[in-house]
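In the two assemblies presented below, subunit A is common to both, partnered first by subunit B and then by subunit C.
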Partner chain A sequence: MPLDHRRLRGPEESQPPALWAAAAAEDEEDEKGAGAAARDPCALRPLFARAGLLSQAQGSAYVELGSGTKVLCAAWGPREAAEPGPGRLICEFRRAPFAGRGARGRPGAAAEREAEREAAAALREALEPAVRLGRYPRARLAVSALLLQDGGSALAAAVSAAALALADAGVEMYDLAVGCALCRPPAPAASWMLQPAEPEERRAAARLTLALLPALNQVSAVLGGGRGGPPEDWAQALRLGLDGCHRQYPVLRQSLLRAAQRRRSTPPS
Partner chain B sequence: MGRHTATSQMVNAKALPGHFPTRTLRLKCSVLVPFARYGTPRLAETRCPHNPPHKRGPAGFCRPARAGPAACGTAGPPGRAGTPGSAPAPRLGAGIERPRPPPPPRSPPGPPCAALTRTRRKAARAASASAAAGRDRGSDGSGGSAIARGSRGAPARRDSDAEAAAPPAGCRWEPPAPPSGQSPAAPPPLWLPLPPVRPRRLPGGQAARGRHIRGGDGTAMAAAFKTVEPLEYYRRFLKENCRPDGRELGEFRTTTVNIGSITTADGSALVKLGNTTVICGVKAELAAPAVDSANKGYIVPNVELPSLCAERFRSGPPGEEAQAASQYIADVIENSQMIVKEDLCIANGKLAWVLYCDIICLDYDGNLLDASVFALLAALKNVQLPLVTINEETGLSEVNLKQKNPLIIRKHPVATSFAVFDDTLLIVDPTAEEEDLATGTVTIVTDEEGRLCSVHKPGGSPLTGAKLQDCITRAITRHKEVKKLIDKVIKSITPK
Partner chain C sequence: MAPPARYCVPGERLCSTEEATAGSGTYTRHGFIFSSLAGCLERKNEDNELPVVSVVRDSESQLLPNVGAVVTCKVCSINSRFAKVHILYVGSTPLKSTFRGTIRKEDIRATEKDKISLGDAQSNYLLSTAENELGVVVARSEAGVQMVPISWCEMQCPRTHTKEFRKVARVQPQFLQT
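Moving on, here comes the complex of A and B:
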């Protein structure tokens, strides 16, 4: 691995202790897995959303899912871009090194950067239809998401947080983009589950992330793949995901309203 | 007549504490253009840059006795119409490269300064450039030596604009100190005994008096003043021994700490120091110790300043500030012996713990180092390491995830940062704006026995030994506050 001169170096290689405890841990997880089959596949985890919490960014949002996924997102309104043409949305997605349950993600590694770039592209795909880029010619809108803890459905939570942050920054949007993730366990006749937790996602045979603009009822992004079964199953999964998005929408709207009220009540310093 | 009235008004104004906005208003009602030239006088030497120089206004600025836009030639740069005083250029004392003219002999009041031609002014400036360069740092007042201040964020001055303006009429000026030669022992006070000033007619009527201004005109004026002259704005507050957010000079912002929120990490802590938010996550992994230190584990701190914490940080590899902060945290751990690396060794030469401490700043509002050290300490106290034993027969390690022990933390270092203003004033826990205006910073790390672990003073203005001693005393007090907070938070989660 090439030396990263900008960061302090530890040992060349290190393994998480969970590897050595692998045997005992897997037994536990299988038990938990069997227990989780009784989970309602259409149940949404508790969602906590709050907008307007960072002081240095124009708009910000924090979304936390019940399974432990914590995403913080900041957005900046239109800034002048050098190149002419319509407005552009620039997204960035970062995982904190301590976000994953297994090994610590090395921040400068190529694999990490690749994953982050893919996630950023996915985020952009999901958000672009929601933002009125035509209103900002020759401008750059920046969105930066930071994943603090990955408890499953990280990208979906990031999409919701990014849309909230853009709205909080005052960027004109057609609608909020709400993200929802699904997964299908490897069992042959298993059904799709909404908002999987991290172990479920890890063992899933197929994963799907949806982004929806609920008020317009338009899907802005469908990402994922795997061994899902016949196409009717996929259509069923899509419908389930859209339903999940619709159910999350009121919570996100409420958080925006509260943020606006908070901003109004505290006078600008 | 008008002069006497002006004096009495001025005296009344002076009697009210923290009265700067009215003075500001008075100042602002003067011309847009000369305002650009006022510049923030350095405390050591306050001098009027114009030739002949203006009389000292009530705010310590040079201001024309009477002037109208017409008398001063061209108006300010276009697009600056709007609130008076929000004009031409936010001029900070520091970082201005304009050389000041040498103090001319006292000119009698009255001769219209507009008579001074541009060429004469330019010649005067050229002459002063060499003089300014020759001035030593200690006595620095204006111009040349101000370059070395290193105060960040000072927008570049547009000298052309200043030159385009003509100094207004009726200037009188008292020279504070000779240019070469000995520097003044103590900086002259900003509020010099001032010549009478004619009251100005304010465009929007008189604003409210007092420090807390409500209502459109007053707040707008104060905000405009803050944009145009941030350093003077701050000086107004510092004179009253307080800061714009209402804190005392030695008071910290509200500190909040929350531990154990990130369950994927072995230990985590979120610290908020006012708006500055820092989260630290510690992950423990196993590795073979280095060949030359077979009985030591590793602690690898990593400070990240992602682009979401402040607009000036770009995404990508860590920049200068992040690298410097990481190195500083590593030094603090080493110097304070917070965690002894030998404690992290499991089997000599075979297996040792590696503690990856990732400190991510979520919101950058100044004082990153304090918050990072605090977050690191709280996160390390929260770490639970599983028990690892090495099976002698197989030589493999066995990890028992059920049984967890906390880390052995020997010392509890706490950092206290100070910002130095104008070489003299020390304020604790600077915000981002204060850091930009400061002329230097000091960070002191102490441990629980009141012993000094580290003093970090990266350049900046020089400090006397007495001031450093004050800093250390304040740092020791701060340590007690922080220790109480950490103990309280650890106690709250122990009965699991």
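Moving on, here comes the complex of A and C:
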């Protein structure tokens, strides 16, 4: 048969993709069985934070958790707003299209946008007590968070990244806001776990996200819900979450100090 | 060699209010001074009073025009009742994003400084030129040439010799740059 140059010819041999898909499915089975028992509920995942990496925004921060959650956040300093009164903080939260594992229901669906709007409102609630809005009358501060990969505890990572970005932008703040997420698996007597990974979060019976201002020791937001058990369990979960926030604070503080030093040594063009 | 700079983050406790007074970039709470910016700590020693502790972020300082500040602005539209301006400089530092302001006709006076408020009801800054040092600094005549001030109230175009009324400012010598 003469060669048809107008068509792209596929390879001569082909194998079914199921051969490779089976390996991934086996991994998940293993996790379900062994994951619940092997994980220490109070263990914090490794946290990486870096501030001052974007040049096009006044302040920026990138936070990555060990479970694979990656959040990039940018902040802009005061711009004139038309409304009178104290300054306003405008938050935006976006999930990248490639952020979740598996297929999206329908790209651009209303449910996704609703979830993003809720997350943005939660971000605003967590950050507003930390920013000195009284120093910026009639101005508008903008914060935009982009979730690059969702590996669990996305909102908590976004809160930390947004606080770092605002501080990096030179906005006057009372304190950094640190976020921590918890979840409780559906087993009857299970205990709360810090910083769940994505499969654990999906299967959880109750989820909680905390935002704390560590130096002032004030909680700025508590978000979540579910079937968690008696109220004492929730109180214990809160304490666990606050402890997790306090343990994460030194890493965030160090990244901000390094960014300030870098900014000082290389003056902006 | 300058001593190594000490950097601080927002919310870091610097010292107590008995040892120093709070400067810019800090706030006080429960008798302690906390930092409010992520930047360099600065301590200025005054002779009679307590030293002033402030946190400086030397690259940009986002200023907002305060009440009583001298600003440099550019007129963008003129009405019979007021003029709309873009506020460009506060003092001698340029603003990164321009703010809008309004100069009402009755505020262009020679004397009697008004009480200008940031305005709860209005959405613009109100400005006044009620001092000798305030007023028009640069103006162009209808011919497009920069005019020369000849009195407190008049400026003349050097080419067409027409006089136009402006409230001229007597700029202080320290602000003039040649």
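Operating definition for what follows: the second predicted complex is superposed on the first by the 232 of 269 C-alpha atoms of A that agree within 3 Å, B and C clash if a C-alpha of one lies under 4 Å from a C-alpha of the other, contacts with A are read in each partner's own complex, and residues count from 1 in each chain.
To be clear about the criterion, a residue touches a chain if its C-beta (ideal position, glycine included) is under 8 Å from a C-beta of that chain, and two chains touch if they have at least 3 such contacts.
Computed from a predicted model, the values in this text were never measured in an experiment.
Asker: Regarding the shared-chain residue A:104, is it in contact with subunit B (first), subunit C (second), both, or neither?
Answerer: first
Asker: What's your read, subunit B or subunit C touching more residues of subunit A?
Answerer: More residues of subunit A are touched by B.
Asker: Counting only touches as set out at the top, which of subunit B and subunit C does A:150 meet: first, second, both, neither?
Answerer: In the superposition, A:150 contacts subunit B only.
Asker: Scan A:257 for contacts with subunit B and subunit C and give back first, second, both or neither.
Answerer: Second partner only.
Asker: Could you tell me if A:77 is touching subunit B, subunit C, both of them or neither one (first, second, both, neither)?
Answerer: After superposing on A, A:77 lies in contact with subunit C but is clear of subunit B.
Asker: Could you pull out which residues of subunit A sit against subunit B in one structure and against subunit C in the other?
Answerer: In subunit A, no position sits in both the subunit B and subunit C interfaces.
Asker: Across the complex, what residues on subunit A touch subunit B?
Answerer: 4, 6-11, 13-18, 20-21, 24-25, 54-57, 60, 68, 70, 72-74, 76, 92, 94, 96-101, 103-104, 107-108, 142, 144-146, 148-151, 269
Asker: Touching residues of subunit C toward subunit A in the complex: what are they?
Answerer: 5, 7-13, 25, 27, 29, 34, 36-40, 57-62, 64, 96-100, 118-123
Asker: Show me the residue ranges of subunit A that touch subunit C in the complex, using the header's touch definition.
Answerer: Interface residues on the subunit A side: 58, 77-80, 82-85, 130, 132, 135-139, 167-168, 170-176, 213-216, 253, 256-257, 259-261, 263-264, 267-268.
Asker: Could you list, by residue number, the parts of subunit B that touch subunit A in their complex?
Answerer: Result: residues 245, 261-265, 268, 275, 277, 279, 281-290, 298, 300-302, 304, 306-311, 315, 317-318, 322-323, 326-327, 330, 354, 356, 358, 360, 362-365, 386, 388, 396-401, 432 of subunit B touch subunit A.
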